[in-house]
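There are two complexes below, and they share subunit A, which is joined by subunit B in the first and by subunit C in the second.
Moving on to the complex of A and B:
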């Protein structure tokens, strides 16, 4: 199983990318997108990578193209978008790893530090704290995992 | 993991690198804890073993490719300390790839050293994941050679 790092990108920016792409007819050159979105090209690359990991865009050549799933997400209200994001997150091995570990815990929760520990073991080249925060941020959006800052624990959403 | 100074050599000793007799995961952890406990940095080997088992219960530290990195940050350890075990035959370790483990690097660290502990794990795993490094560890004639090899010498 190959664990791939999660880019430290807010999912709100990913949805912003999809909306701009949709306005532009569903595809656009990457460099022109950076201008349209008024963000640095380096940051755009991370946003595109995040969207691609979630199968919301594809990147043939220098173009960025909305996928069917990306179009489907844009048609949904916020709850529908969260459901699609949740479904896509569960396809990512790094997310699956954390979700499966949480599921195996008696109260479906685990200290944040333990998540970081697991991540550094499997993705030693990454900053495990940054990766854990990205997982929590994305997981919160998809209502898959939550974080209790009082106890420092990460927990699995009740419905999962 | 951002680069930082991690002096593995300081944490290792030739007498704490062994060819394991164990044939199970539990036996291997016990055997390596006994080896690690010869270091003055370890103040309570039972507490260390319990901490290691607690981590293994969450998820096996068998990371695939024949490598396991059991580890614990615990008050039972005063300073960073490492023991290395080799198993020619391979050990069942509930590894993520379901393959037997041939190299175990047991890492103990003080409870207060969270960031450095992560750096040590990262350094060890990155090193062992390189096939040429893993080969050197497996092929070293004597286990005591592993201090030099794992230290990048």
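Moving on to the complex of A and C:
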């Protein structure tokens, strides 16, 4: 199983990208998009990659194109959107790894530092702290993984 | 007198007939004293906002839009003229009105839930009702899952969602937003604009009308039923434009660019 790092991109930006694409008829050249939105191209690429990981856009050539799932997400209210994001997160091996480890714990929770150790083992080339924060951020959005910074505990929010 | 609303060239949509008046602003004037010099900010500003209207205030930067919003919300007093809310003069902050600011206004040592509940502490509500409302509006703005998060752990878009939840939890009829998206990047603001419109249209939320200050003309055309165009200081209303593009809107709709260009020429 290939563990792909989760980019440190706010999911609000990913959904904003889908809305902008929808506004433009569902597709746009990536470079033109960066110019019209006045966003640095490197930053936009990160957002596009995040959207692609979640199967919300495809990137044939230099185009960014909304997928059927991306269009479906836009039709939902915020809680419907979060459900779609959760479904997609559960398909990512890195999320599956964390969710399965949390599920195996007696109270479905573990210390943040243990999560960091797990990530060091499975994604040794990544900055584990950064990756853990990205997982918590996306996990909170999908109501899949929660985190209490007072106790330093990561927990399974609602798996299904 | 404020001009009668003129209509931007756009497709006609059904509107509620004879919506009731919510807010009446009449002949407002305000002068500030700055280093011994008198600086007129507002000069004879008059308009009415009806129920179920989304009104945007646009105009040159530093032109008094925020001052006008603060006076409407009772946070500032005018030197001349009156503000009446449901026919009652506004003389201070009132419970049917809530603000959303550009800078979020969050307390960093409180988590999401506590920041939202904080807005309710000034109201004499039973603790259970405070909890119910905080949970309901946290859900409505998409912050479920973030209840225990502190502002430092959140993106700017999520921080502004807290600002929205806190304002909505007061259950205002009139929401006053002062450039709520201007400190967000283009993608995050595209996302939140659309969600604010959904919340305004949500039948479970008692909000009736919105007045939003913005410096982005396209944002006003995307969101507003009416756009009040203010002159440079001292601000007067130079046009009151009804936008009747069907919702949901996008910039490719016929009439969108005509409306934007018309406002742009007024502000230039």
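Criterion: the second predicted complex is superposed on the first by the 157 of 160 C-alpha atoms of A that agree within 3 Å, B and C clash if a C-alpha of one lies under 4 Å from a C-alpha of the other, contacts with A are read in each partner's own complex, and residues count from 1 in each chain.
By definition in this document, a residue touches a chain if its C-beta (ideal position, glycine included) is under 8 Å from a C-beta of that chain, and two chains touch if they have at least 3 such contacts.
In this text the structure is predicted, and so the values were computed from the model without any measurement.
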item	value
Combined model on subunit A where subunit B meets subunit C, clash or fit	fit
When both partners are placed on the shared chain, which of subunit B and subunit C touches more of subunit A	C
Subunit B versus subunit C as contact partner of A:101, first or second or both or neither	first
Touching partner for A:55 - first (subunit B), second (subunit C), both, neither	neither
Subunit B versus subunit C as contact partner of A:142, first or second or both or neither	second
Which of subunit B and subunit C A:128 touches, first, second, both or neither	first
Subunit C, subunit A and subunit B - angle at the middle CA centre, rounded to the nearest 10 degrees	140
First (subunit B), second (subunit C), both or neither touched by A:37	second
Which superposed partner A:15 touches (first subunit B, second subunit C, both, neither)	second
Smallest separation of CA atoms, subunit C relative to subunit B, angstrom	20
Residues on subunit A lying within both footprints (that of subunit B and that of subunit C)	none
Residues of subunit B that touch subunit A when the two form their complex	1-2, 55, 58-59, 61, 63, 69, 71, 96-97, 114, 118, 121-123, 125-126, 129
Subunit A - residues contacting subunit C, complex	10, 12-17, 19-20, 22-25, 37-39, 47, 77-79, 81-82, 133, 136-137, 139-144, 146-150, 157
Interfacial residue positions of subunit A with respect to subunit B in the complex	1, 101, 104-105, 110, 113-114, 116-118, 120-122, 124-128
Touching residues on subunit C, where the partner in the complex is subunit A	139-142, 144-146, 148-150, 153, 155, 157-158, 185-192, 194-195, 198, 250-252
